[in-house]
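Take a look at the structures listed below.
First chain A sits with chain B, and in the next complex the same chain sits with chain C.
Up next is the complex of A and B:
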């Protein structure tokens, strides 16, 4: 049996070096993540305009949330947004990726075209779509008039029943290319010998997609799911430009409502309360996913 | 293991002390002069636009070569975020753009009273230099007994309607002066490629200013009494004003989807492109004919295709259309400025001096002071409109385009949106406003 003598000084040095390596990241984490959260939680207990001295209200702002119908609307809208953006975006993105993974002429151009909306500013997208959906003079109404498709002439953004769904459609249009790119990357990682074996075994294209490609892209689905949930909860610019959360708050989202409370109504305390709720939803949903699917799913190590 | 914990504790303590240092919010004040020895000032606002602000800064710094002004112009929402962050971190700029009422009041404790500066520069009767509504609104929301001016108006405006005169002439139509004429002219002009009455009602501010014009034409001043609590929002006259607002949508006066169209850029672009016969905006529309701009659309060239007019009178209401307007942007000086005299000199120069002349030359909006005119007009029409706005309308503006409280202002915008989309009746909207008023009033 051989004993290795461990020098205590070198262990200490190693630990110190490890701590020093961790320190910059730790400091940045504390400064830019922990501190704003603590500050926000503290502000959520105040009746405060953001400038002058606040008044401590304890959990008063949290109690107010339950009586605020606009806050309830924002929660419902966030639910719709998560459901109706993540699934269509993933499905359309997946099939686009399958198509553009084939050796077809000009596929690089097609890939770029489908990805372009994702790199545009949401403000530009919002302005352009608002004009396109304008039932007085927009592109859709003109097409509707020319073709007799009356449903195109409706004021979707002006109707409280449809405004949030119209915004969701625009969001899906904008981000589908992003999902496509993720799936294209995922497809490159699938071992071609697996696909060749399936072909030799006589699997049809649909069967190959359903039973081999789709399951093997599990890490991609899960990454998109996580990014989709967080992205949905953070949605601001697109909704703000398209509808400003209207009409009459019908398309209000948590961030747009937070902004209005903080900077238009000078209720920074209440806005902080909404932010804390938003943070809790984001943390709980992310942790739930990590717990359900395993922490390795983002890195592709999920089993 | 113990040692490991110790290291972590040291790291945590270091991090925490850094955080606490940031928490204190006691950032050091900026020096009054920069490295080159120039007396330096900072200015932040959302208005005037950057290009115009640069001209104003240049005008001042060329006349005062020992000074330097660091000016930054934001979009309005970004500006609010920047200002609030700076105010709470002790880094307020020396001069800031403000709106009267709630915004000025929010920062009141950080602002220098300006009446001494005004008196020193313009003399004891300095208030007479300004349009009366500007002076009234500059102190909007001050606590009882506080007669200080925490901001002074830079630009003022009327809110009104604009007509595309080419469409009116081609349709042989007359600019409406009464509600019935408005209904008739909209009917007459319908069927073309343009909207007879384009109402970009997505924006809360626009809904509110249109409603305030209607409400003041129904019963002048009543809406402000309801806001003060000396009358009620459920007063039948206010319900009637809500009803007329609703009629814009239900009677087909506004274009389809009006509640989804924003004023800027969509509504303004469409009006300038000749896609509308009328639009509710304000005096600032004259900036479309700013001679320093390139590529001005034909309608805007020298204001050749436009005519401003007041919102039509309402049956049974005031005999004449009322003038509604107020401050577009005001300026304030930070209490912590290191150069209060210089800040006063800059502020007064931009309001009524060489800087103001540069500002007004661009037709950005109407000057806050009387008798200040652009040095050059590009057409007689432009001059005629300018003269109407500055010498006939602006001195008569009596009613504010804002409500004092942001809560009520927002509630009004919501109520108007709900009426427009059929979610609330005018009576229900009035009830809701009254409930909000009672909540805000305590």
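Up next is the complex of A and C:
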């Protein structure tokens, strides 16, 4: 930074320009992001149906959470969701990216096939998988009957024991291509001379993948981990369409429960409380990840 | 989980193939990778094949073949049906009226913000960036009540403009982060040279940075397209009139009607998916580069 002719007016003018560039985003942001958060925090202290005047209850709604078995279920389900979507999506996505980073025939078609589920609406994905898993007309049942694999012929979405896991499988189908795309992008940044050097040193393929490629993709793993945790906590549409959180709240996630409390049970105060807790969990887990790993993977500064 | 384990153990074979590339005939090398990829791709396509298959199921004959994936007697009747008996064109137009403006606004505002954060002196850069990441993790469902109230007080309840504004606001964080990374890759000398030639900040942004960041903008466009076109929570809560509803609300709104006409339901699902898949295919080749922050 060795500007010679930096005078105060030019600095001020640049700040003004910078502010003008930021202004539209800033306004929208305050209106639809900052204000709703403040609003939620405030509403979470009220016993409120969303229409009439609310009654101040302090932390009463928060105390209620601990006695709410459905809230505990949502936490447990979020835990399963985080664990069982992030790991399979990363492993399959990484494997697909390794194969599809090679110049093989039909590469673009393969990439498109694996990524397309991610661009579909959860409404579409939900309804299609409902039909696939339908215990009477579904593809799984029919394949099960034809092959004698009886375990396929169960109504997974209707069984409280399995509903959440069925939804997780659907989520993996939907988002694995997204992980693949991230890994493909990460692989682009690996210097091919490093791989050539490993080959000359006689490193086996497995060793190259394990000791060079996998560790060098650290920023990608971390981005996917962060997006996976947040995405899991945010899951609403897919579960809403597949099971509506049922049967009997067995597959309830935090957002579906918030929605039910706010718009079906008219318990806006309590719904806001769940929202605040959800937001806190999301913020704390992202911040601790940023603390632990540095923020470079998020901002791209590490590259 | 099973597949995940299998796939990782299979991984080593790939670069070995590459290493022995010269010594092996071309066809053999290709066959190995396809032997893994083709079955996986086929498995991945089953639900998609089923939507298309079921959309051809006539109401008069609900018999299916191929494990319930295809109708025994396929017909295009459902497409005619949804087009003539329901005001589906109106819903399609609504979806477009929500999506297109929000994509354009997110690209414009997002890239402006990214430019300020990457290349201009602005106060509180770190705070702005922190706030943006906070918004990235903000679940729509947790702000939907508040947004509903805000839109109501702005007179934008039951109005498509309200949806456009909310989607734009929520899409900004991702847009800023992706575009900023790409802007940082533009050599700063370009900027200085243009400034010396008397170009304004806006000209530099519009004429140099934007065109160079096409891959990043493509990523943002696809992402924003997906999230505005596919969302149904916000319209579910903020739109009342049937003639304002976007396509995604149709399957749930007419659930009862579709119960007796599963074929028509799946035809609607195809209609919802088609535009977004076309957009994706059109920009697919930019996506990998755009995500890795490369500039063109």
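Note that the second predicted complex is superposed on the first by the 268 of 303 C-alpha atoms of A that agree within 3 Å, B and C clash if a C-alpha of one lies under 4 Å from a C-alpha of the other, contacts with A are read in each partner's own complex, and residues count from 1 in each chain.
In this section, a residue touches a chain if its C-beta (ideal position, glycine included) is under 8 Å from a C-beta of that chain, and two chains touch if they have at least 3 such contacts.
A quick note: this is a predicted structure, and the numbers were derived from the prediction, not measured.
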item: Clash-or-fit label for the pair chain B, chain C on chain A; value: clash
item: Contacts of A:102 with chain B and chain C, given as first, second, both or neither; value: second
item: Comparison of chain B and chain C by chain A residues contacted; value: C
item: Touching partner for A:49 - first (chain B), second (chain C), both, neither; value: first
item: Partner chain in contact with A:211 - chain B first, chain C second, else both or neither; value: neither
item: Chain B versus chain C as contact partner of A:266, first or second or both or neither; value: first
item: Partner chain in contact with A:127 - chain B first, chain C second, else both or neither; value: both
item: Which of chain B and chain C A:146 touches, first, second, both or neither; value: second
item: Touching partner for A:137 - first (chain B), second (chain C), both, neither; value: both
item: Touching partner for A:19 - first (chain B), second (chain C), both, neither; value: both
item: First (chain B), second (chain C), both or neither touched by A:288; value: neither
item: Region of chain B that runs into chain C when the structures are aligned on their shared chain, from 81-89, 279-287, 315-323 or 333-341; value: 81-89
item: Common interface residues of chain A - those touching chain B in one complex and chain C in the other; value: 15, 19, 22, 31, 34-35, 39, 50, 127, 131, 137, 259, 262-263, 268
item: Chain C residues touching chain A - in the complex, by the definition given at the top; value: 1, 3-5, 7-8, 10-16, 18-19, 30, 33-34, 36-37, 40-41, 44-48, 50-51, 54, 64, 67-69, 108-110, 112-113, 115-116, 120-123, 128-129, 131-147, 149-150, 165-166, 168-170, 172, 176-177, 180-181, 184, 201-202, 205, 222, 226, 229-233, 237, 248, 251-252, 262, 265-266, 269, 272-273, 276-277, 279-281, 284-285, 287-289, 291-294
item: Sites on chain B touched by chain A in the complex; value: 3-4, 7-8, 11-12, 14-16, 18-19, 22-23, 77, 80-81, 84, 87-88, 102, 106-107, 109-110, 195, 198, 202-204, 255-262, 265-266, 270, 275, 406-407, 410, 414, 417-418, 420-421, 423
item: Complex contacts: residues of chain A adjacent to chain C; value: 11, 14-15, 17-19, 21-22, 24-25, 28-29, 31-37, 39-40, 43, 50, 84, 87-88, 91-92, 95-96, 98-100, 102, 104-106, 108, 110-125, 127-129, 131-132, 137-139, 141-143, 146, 173, 181-182, 184-186, 188-189, 195, 199, 204-206, 208-209, 230, 233-234, 236-237, 241, 254-256, 258-259, 262-263, 268, 271-272, 274-276, 278-279, 282-283, 286, 298-301, 303
item: Chain B-touching residues of chain A, taken from the complex the two chains share; value: 12, 15-16, 19, 22-23, 26-27, 30-31, 34-35, 39, 49-52, 127, 130-131, 133-137, 153, 155-160, 163, 243-244, 246-249, 259-260, 262-266, 268
